[in-house]
Amino acid sequence: MLALMQNGGGALAQTPNEGTNFLHELLLWLPLPEWIPGWALILGAVGAGVGILVGLVSLIALWSVWMERKVSGHMQCRNGPMYAGGWHGWAQTIADGIKLFQKEDMIPIGADRALFVLSPAIVLASIFGALAALPLSYDWYFARMDLGIFTILAIGSTTTIGVIMAGWASNSKWSLYGAMREAAQVVAYEIPLGIALMVPLITLGTFSLLDASALQSGFFGMGWAIFQNPLCLPAFIIFWIAALAETKRAPFDLPEAESELVAGFLTEFSGIRWSFFFMEEYAAMFLMSAVGAVFFFGGFESPATYALRSAGMEGTIVFSLVCFVTLVLKAFTGVFLMMWLRWTLPRVRIDQVMTMGYKYLTPLALICVLGAAIWEAILHVVLN
Amino acid sequence: MDFQAIADHLSVAQVPGLLSVELPRSPDKETKDKGRSGLPYLCVEPSRIVEFLTFCRDDDALGFEVLVDLTASDPSADDENLWILIQLLSVRHRQRLGIKCLLPKSALSMPSSTKVYRAAQWHERECMEMYGVTFEDHPDPRNMLLPDDWVGYPMRKDYEFPKEYHGISCE
Amino acid sequence: MVSAKQYIGNVWNALHSTLVGMRITGKYFLQKPITVQYPDQRLPIPDRYRGIHYLEQEKCINCLACARACPIDCIEMDAIRHGKELEWVSFTLDYQKCMFCELCVYPCPKDCIHMGTEFALVTEDRSELNHDLLSFKGMAPDARVRMKEAEVKKAAKAAAKEAAAAQKAEEATAEEGGAEQDDASPESGGDTGGGEA
Amino acid sequence: MTSPPQAEHKPSIRPADEARTLPSGEREFFMDVATSDLEVNMGPQHPATHGVMRVLLRTDGELVTGAQPHLGYLHRCAEKIGESVEWLQYLPYTDRYDYLSAMNNNLSYSLAVEALMPELEIPRRGTMIRMICAELNRIASHLVAFGTYGLDIGAFTPFFYAFREREWIQALFEKICGARLTYSYIRIGGVFNDTPPGWLQEVADFCDVFEEKWQEYYDLLIENHIFVQRTANVGVISEEMAYDFGLTGPMLRGSGVDFDLRRDMPYLEYGEAHDAGAFKVPIGTGEKGTVGDCWDRTQVRMVEMMESLGLVRWCLEQIEPGPVIGDVPRVIKVPPGEAYVGIENPRGELGHYMHSDGGKIATRCRVRAPSFVNLAVLEDLMPGTLLADSVAIIGSTDIVIGETDR
């Protein structure tokens, strides 16, 4: 990693936290008896990690679904759920979840049973895998990855396989349409998504999410990439549009386009299997927003972290917590933006999706990368 | 043009198929005529309807571009005729024309107007299933509203409602 | 092929119209919703609302005008006539058929059937939708009392008439004073005038 | 190519080469491998068919190569009922064909019956209330058309905004006649009740608020770039095609034909209103694409809402106290005769052909439903478009299945 950092140039000499994983620290801190074998400890740690991840994804999905319903409700001059749980129906999603768990597990007669059962699992697994690469704070992470963004993009894209599988396995024409649309759309939008992310990568000079965040700790924690390079803003817009398409959110919800394809690849799914897809959608929204927040909007850095750091509280649990909250807030701002867009825009047509991906976003993203590279060159080579 | 002018124009042009004109008349107690209110209609020979409609559409003074409605009517079970009623509309000249064809119930067949107006296609399909009129050369003579296996022509006055349909009681 | 101007125009249009739309949805996001929480809060129902009927049973004369006016024949009524008093058997309105057109209300000569403001027609069984509009079966207590009185009077009248006739006959044949008979029991006149609608 | 058995009697399926040419002139790339078209049933339960209609689509991937509408799922024998119930009793049934514009249906039926009753005089206040109700109902109906079209295109929020205003109109109708959807308010001879106190003022208030809301709809959906891209140049109906298929209403005007029954064959007081400048007739101009595309039709409906608002305002100025219904007997007997009366419904010309033999019951009651006629154009319009376009086209015809099937 150091080699990479040095090769990458940049001002990465002082990464603030070379610290270890919190799970590791936790294991060291726990007064565990010595007779426990090492493999059991590792297994336990992995189990705890998976538990935390699953809990996290469920919490994100629960909160996001409720938020979506309230946001859409208020944008449409209505209230959204109001009863379950008391205050503004906060427990509505929990109630819905319980209902979905109780529902009959239905598999259509003509369906390919194995694929039908497997597809929600793949979808959910891929989003878990991608989220595992997302650090929650400077020292709260499941794995310290120097190529974290690659991991996220690579594992996150496997969702598509699950969706295509679901569409095919349903043995329904509408589902097949949804699956094919998803395939076409994701292939088209991986490219601008990746290229647009190159701009902050060039600006920051790292692939690691932790380092990217640390590098944006400028004045008052506002040394965000978006302020460092003028081309980050268009790049962010392109990234955002591509992220919407990746997460199948309106205006790119063509795979499930309810007015065209009934419910697309979800048509034949019900109950808990359907809710897996649902969870994946919201977790993916959170993930994409978090990636955007890390690479464009300072990651864990904010005036609060700056103040704490100035006060010398770096490395404490409070600091980690503030970092975590900062990231979550930024990510949910992104999720809110996605919802806002969803409840504003109509859906685009499949050929327009392709046109937009290939003819508009990809060239524009390339221009952004070129411009960002020139800007960095001027800044660092010519002026330095 | 009002109705009389249209009728005169048509008779001057000697359009094929034009038979007579039905005008509203007030009731007369002496002849025990109940009168006829409403709107005037042109009576046209059913077999010449295509030529008649073509003339109505293509003639500049008439200019009936739109076939608004085509339907049938069964005035009573005893009547030996079925009426085919056609409504034309001219967008250019802002005028309407009602056409009536008397079709004997013994030979319910007339040429299809679809070639003149595509709009007639669905109306004729409806007519066919509801009244049992056969429109010759109709491009798509399937049932429109009724199931394909429906027996009888429901809009006729002598139609008897079926007791059951595919095991569903209709009582 | 798209020209450069069109290309930039498309990008600009897309972003601009999105922002315009987001401004509108954002504005409503910050405003108070206009809906009400239905079972807790209810909007006022106007006077002319056409809901489930109610019947002023005392006024109804079983004339069938409403049943005849009904386009779908969903009103059925049945009453036994006791002179001027009616003993109601049923006055049913089948809400599976009823289309709330209010055509039954206006022909009524006594103005006794009305559209109410109740609209919830939720039941667990379709047969429950065949509402009986009578608030009570048979007759109201006071109507029953009135009927009894009427019958007593009627019986008394008949008896008086009979007595008078008898008296006349007696006077004609033999001049004998006949005592007035006034022990006519109410039961004796109870079965008269049973007429089904 | 293995074509399915139904393919034989399909008149509208174009040859493969022609169908594979997009409306923009671009040719879809395809290879000569053994593939077969996919037959998809859009409906009877499909969100885009606005009811229980089935469109049998033949598709090649996303490209629609053939479409065949199947109707009759909501056939309720309205015409047969019209021949078996009394004149006034049929009125509630007219509400049910186009349940989004029941006032206009009532009006059409009443006018057709009145055409057979020359002695019947309709008081002016009744006519004015009829016009107010018909125009308010047109606004409500176009609001649904606009909102559900947004749904078809994938925008949810405009639908709620449209329904918010529609609820208002419905509340106004509820006050005047007691029903929210099936009004049965306009009756033979006039209208059924006078307006409740303060009602006309409430209508005026609505007019004032609606104008700014309308601008919001316009900015939010109609001018939205994605919406324009989705609807412009899609489903183009040329003027000749519109005539040939007998299209009426906004479908006809969207194709650039300047024809409106309210202006050109006036009924009620529309002629007077037009002379007074109360309304203009909007036509499709091809502002965003070609004349007669889906966007034009939507635009015509949008502008018509504003024109209807002008008409309502004109009526509110003109209305004077007086009776609202003519001298109609309780059991109506119509003199013998026959009449066809068509009026401008929100969806096109709703015509009633009524034939009486002098009795209490009509001999023939024919309903010329605009949706039924407008729908026929789908067969020709849909081949060669994308699947998503076919949804946009169905939405832009603005059909109500209650009316197509009657």
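A, B, C and D label the chains in the order they appear, each numbered from 1.
The rule we apply is simple: a contact is a pair of C-beta atoms (placed from the backbone, for glycine too) under 8 Å apart; a residue touches a chain by one contact, two chains touch by 3 or more.
Everything numeric in this text was worked out from a predicted model, so none of it was measured.
Asks: Hey, how far is the Cα centre of chain A from the one of chain D, in Å?
Replies: Distance between chain centres, rounded to whole Å: 45 Å.
Asks: I'd like to verify one number: the distance from the centre of chain A to the centre of chain B, where each centre is the average of its C-alpha atoms, in whole angstrom.
Replies: Centres of chain A and chain B (C-alpha means) sit 66 Å apart.
Asks: Based only on mean CA positions, could you tell me how far chain C sits from chain D in angstrom?
Replies: It comes to 36 Å between the two C-alpha centres.
Asks: In angstrom, rounded to a whole number, how far apart do the mean CA points of chain B and chain D lie?
Replies: Comparing mean C-alpha positions, chain D is 24 Å from chain B.
Asks: Specify, in ascending order, the residues of chain A that touch 2 or more different other chains.
Replies: If we look for residues of chain A contacting two or more partner chains, we find 75-78, 343-345.
Asks: Two or more other chains touching the same residue: where does that happen in chain B?
Replies: Within chain B, no residue touches at least two other chains.
Asks: Of all residues in chain C, which are in touch with two or more distinct other chains?
Replies: If we look for residues of chain C contacting two or more partner chains, we find 10, 18, 21, 24-25, 28, 34.
Asks: Viewed as a graph of touching chains, is the assembly arranged as a line, ring, star, complete set, or other?
Replies: If you draw each chain as a dot and join those that touch, the picture is no line, ring, star or complete graph.
Asks: Using the touch rule from the top of the page, what pairs of chains touch, sorted by label?
Replies: Here the touching chain pairs work out to A-C, A-D, B-D, C-D.
Asks: Could you list, by residue number, the parts of chain A that touch chain D in their complex?
Replies: So the residues of chain A touching chain D come out as 72, 75-78, 173-174, 177, 180-181, 250-251, 253-254, 257-262, 343-352.
Asks: Can you name the residues of chain D that touch chain A in the complex?
Replies: 38, 40, 46-48, 61-62, 150-157, 160-161, 164, 220-221, 224, 226-227, 229-230, 386-389, 391
Asks: Which residues of chain A touch chain C in the complex?
Replies: Chain A residues touching chain C: 71, 73-79, 82, 237, 340-341, 343-345, 359-360, 364.
Asks: Show me the residue ranges of chain B that touch chain D in the complex, using the header's touch definition.
Replies: Spelled out, the residues of chain B in touch with chain D are 24, 27, 34-39, 41, 65-69, 71, 73-76, 85, 87, 89, 91, 94, 96, 98, 117-119, 121-123, 130, 139-140, 142-147, 154-155.
Asks: Taking the complex as given, what residues does chain C use to touch chain D?
Replies: These residues of chain C touch chain D: 10, 13-14, 16-18, 20-21, 24-25, 28, 34, 43, 46-50, 69-71, 99-103, 107, 115.
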